[in-house]
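By written order: A, B, C and D. Residues from 1 in each chain.
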Amino acid sequence: MTLLVDAFTILAVLAGLVFFIAGTTGLLRFPDTASRLHALTKADHLGLGLIVLGLLPRAAGIDGALRLLAIWGLVLLSSAAVGPMIARLARLRRPGE
Amino acid sequence: MTSATLFGLAGAALVGIGLFGMLVRTDPLLRILCFNLLGGGVFLVFGAVARRGAGAGFGGDPVPQAIILTGLVVAFAATALAVALVLRLASAEDKR
Amino acid sequence: MGMLPMLAVMLPVLAMVAAVPLGARGAERLTLAVLPIGLALSIVIAVIVQLTQAPILYHLGHWAPPLGIAFRADGLSAAMLVTTAIVVAAVAIFARADFGTASGAPERRQAFAFWPLLLALWAAINLLLVANDLFTLYVGLELLTFAAMPLVCLDGSRATLEAALRYLMFALLGSVLYLLGVALIYGAAGTLDIVLLRERVTADPPVILAIAVMTAGLLAKTALLPLHLWLPPAHAGAPAAASAILSALVVKGSFILLLRLWFGVMAAVPLPDAAQILAGLGATAILLGSVAALRETRLKLLVAYSTVAQIGYLFLMFPLLAAVPGVSDIAAKAWTGGVVQAVSHAFAKAAMFLAAGIMAARFGHDRIAELGGAGRAMPVTLLTFALAGLSLMGVPPSGGFAAKWLLLSAAIGAGQWWWALVILGGGLLTGGYVYRVLASGLRSGGAAVPMSTPVTWRRDGMALGLAVISVALGFLPLAAFGLVQVGQLDLAP
Amino acid sequence: MIADLLLVAAMLIVALASMLARQAFTAVALFIAYGLLLTLAWVRLAAVDVAMTEAAIGAGLSGVLLLGAVRRLATQASPPPEQPPGPAMTLLIALGCAALAAALGAVVLLLPNPAPSLAAPVAANLPATDLGNPVTGVLMSFRALDTLLESAVVLLAVVCVWALTPEGGWGGVPGAAQPVQRDGPLALLARALPPLGIVIAMHILWVGADAPGGKFQAAAILAAMWLLPWMAGLVTPPPIAARWLRWTIAIGPVVFIAIGLAGAVIEGAFLAYPPGWAKPLILIIEFILTASIAVALALLVIGTPDTAQRR
């Protein structure tokens, strides 16, 4: 049982890391702000979600699990707010693009 | 090398970077920013000292940790004060 | 009895905190109510230290160092506590005309800010005088900077805002360097208590580097040449009451801390070469600062450059103390001379700035060449300036004379006669710039002095009182100066 | 160890880039990243209390403050820049700074081994305070004076920021006017986050006695929960003439000093707590101080009253 849980955790966290790396690569390599944002938010949220999922079985009790989920939710909420703001700022700065 | 030493060395490098910025940059806002880089380096050196003092079941010496905490708040107050002064000066410039 | 130093710090802190919600008028009244209590506290501390010939020790919250924080009021603290209380009281009464709020009048910005800032400054200096913990002293330094910065630009003009920003940059750099030293000293010795450090520190690289960066940081705050550039515009641009406090007390705060480091923490590890360098900078400051004052055309800038020069004298005590460690007549003379210089300069410079402020308010400008007629229209103000000038020159009998004579004889006794030449030369130059102002003021002026702002007897009285004290210090029997020797760490066996 | 090396490398690169950045906005963005990396470093140094403070104040509030300043300066005529030092001088300064960094690095390596530490005395005396978190024990008991003075420093900083009010603005609303955003992402965040943030702040304050957390971290979060609706234009700060606002920022230090003085009268030492009363008294101080510091921190970010906004 514990072996199974461990395997699940490792797999999920590793998969999450892959998405993080993909997102970071996008941030560094994509040409303009909009696609960078796209790469960063989409891939990272999935990555963070997978990591949270992987850690859930290891959380200390219900409130620990709730806290992990809250972290994911807060990150989603804040980047949902910040992403459009950055995009708008980028468009204001370079109206041509 | 322990990680405490590593972070201590990083703190030393940050002190150099921040000090250089404070002396070379001319934009007052960037000077304030460099003051914060420098402050981060100083706190990191202190943090390395705290980590080296781990013992009695604590991961670090709590006395320097508490001092760093106090220092962070004071540094923020100083930053706020400096920023307010820069903004006030800029608006005085406007009215000329 | 042990509580007295704590009360001397907490009283102004509490008053400062309470002054904010009370508003400008309430803050003014609170300050005036607190002043006599603070003055009485400091005098009682001085009397106790003198009578018992021992420092007052106090452990906060019953926690003894190294875990807790101790207050320690020695002779130096006692002398400076009394000085601070008197200067603050005189300036507060002087400032009522500028920053007072009449009953029913709306609150003004300057009035709201001035009183808490004055109280914070008083609290910070008292803290720097009695705290015995290097980090508590750091908090005191920051408190001092925060209180002093807005005083510089209280009138809100562009020039003073620029001066304030420059001052703030120097001060912030100074305190962060000091904090770096605190970190290193803790890493090397595991305590920040000065008395404990005296026994624990050795001349190891961490300690030496710590002292070096802390000294550099504190020199920037004390405005020792070549780090003095911020001082003249900052001190000359502030309102007269603020200038008086800044020049008389604020620069002394970081200087006292420097003394604590060199002759407290490092008392067992003398650094004679570095002390020679410090005194060399001090000597340069005396000569260049005086020359700059001599060439200055504006009265308040002249007084500010005079501060740059007078700070230089303070550093002459370093090599004289470091050259002859342990109990010695010469070291005692040098220590007393340096401290009396700090005290007498505080009184004289506060008086001088207040007098300059009265004159500037009366004439509507502070151009030295156009001060003609001052002698007739405001003899008391000019007399104040002259008395303060005598003390700064070191003409007997005055506090400045006692200080300079003690430093002079210590220099000759230690075989370092070159400092004696600097002291004498500095005195002559000081005489030069004081004479310039007096000569201009005593001329029967061309333009009639405008009578628009009547000078009240109270303002003149405060300035004159401070000047008289700075001169009267010279009449004190030498035994009274023994106070400042009490509890000195480098004389302890 | 490899993770630490990567972290240190990233931190130095970001710091260097921030220091060299041409545009102020870029510099501040990098500075915030620097703060977050520093937060990770604090976790690696087993200083979780410091990490939380760094994230909330060092990166968070400082970042908001600097970003706001960049935005306001962009709309104003930039002050004539001071003459930058010439190349020779720059090189000299660089050499000096490098020398200081090298000396500091060498000294870090030369610190005594085993390191002197107060961990043992803290552990021995912590039971007397009934607290479980040693950092809180140091902040509220062993070195409570520093914490008290620091709260006074924060209050004084607010006075200083207000003292910079331009002529005609005294008594008015602090800070620049924020454009009202009825809808949009920021408005959503400003409405959705504060209830949650207040709960989190209270939690951090409450657990601070025994686990990492405490008043500064809680106060910084509370301040952010006020700043968010302010930035979205949903709330207007009270005018600085408001008596209750001034009492709010002053009451924390006043209570702290009052309890300290009571200790001097009853127990014979300033800031000494009667046996058995330590924890309740500390909690009372922390709660009131949190409120005062939260408002003061927010006011420091909001800034000086503007003449344009007087009402």
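Convention: contacts are C-beta pairs under 8 Å (C-beta built on N, C-alpha and C of every residue); 3 or more make two chains touch, one makes a residue touch a chain.
For each chain, UniProt lists the protein as follows: A = Cation:proton antiporter; B = Na+/H+ antiporter subunit C; C = NADH dehydrogenase; D = Sodium:proton antiporter.
These numbers come from a predicted model, not from an experiment.
Visitor: Does B-C or C-D have more contacting C-beta pairs?
Guide: C-D is joined by more C-beta pairs in contact.
Visitor: Report, in whole Å, the distance between the mean C-alpha point of chain A and the mean C-alpha point of chain B.
Guide: Those two chain centres are 29 Å apart.
Visitor: List the centre-to-centre spacing of chain C and chain D in whole Å, with centres computed as mean CA coordinates.
Guide: 31
Visitor: Using mean CA coordinates as chain centres, what's the chain B-chain D distance in Å?
Guide: 12
Visitor: Would you mind listing the residues of chain B that make contact with two or more other chains?
Guide: Residues 15, 19, 28, 45, 48-49, 52-53, 63, 67, 70, 74-75, 77-78, 81, 85-86, 88-89, 92-93.
Visitor: Where in chain D do residues touch at least two different other chains?
Guide: As it turns out, chain D has residues touching two or more other chains at 100, 104, 107-108, 111, 115-118, 122, 142-143, 146, 150, 153, 157, 160, 164, 166.
Visitor: Where in chain C do residues touch at least two different other chains?
Guide: Within chain C, residues 67, 135, 139, 142, 146, 149, 153, 156, 161, 180, 184, 187, 190 contact more than one other chain.
Visitor: Could you list each pair of chains that touch one another?
Guide: So the chains that touch one another pair up as A-D, B-C, B-D, C-D.
Visitor: Contact residues on chain A for chain D in the complex?
Guide: For chain A paired with chain D, touching residues are 70, 74, 77-78, 80-85.
Visitor: Can you list the residues on chain C that touch chain B in the complex?
Guide: Residues in contact with chain B: 67, 135, 138-139, 142, 145-146, 149, 153, 156-158, 161-162, 164-165, 168-169, 172-173, 175-176, 179-180, 182-184, 186-187, 190.
Visitor: Provide the residue numbers of chain B that touch chain D in the complex, in ascending order.
Guide: That would be residues 3-21, 23-30, 32-34, 36-37, 40, 43-45, 47-63, 65-70, 72-81, 83-94 of chain B.
Visitor: Sort out for me which residues of chain B touch chain C in the complex.
Guide: 15, 19, 22, 28, 31, 35, 38-39, 42, 45-46, 48-49, 52-53, 63-64, 67, 70-71, 74-75, 77-78, 81-82, 85-86, 88-89, 92-93, 96
Visitor: For chain D, which residues count as touching chain A in their complex?
Guide: 184-186, 188-189, 192-193, 196
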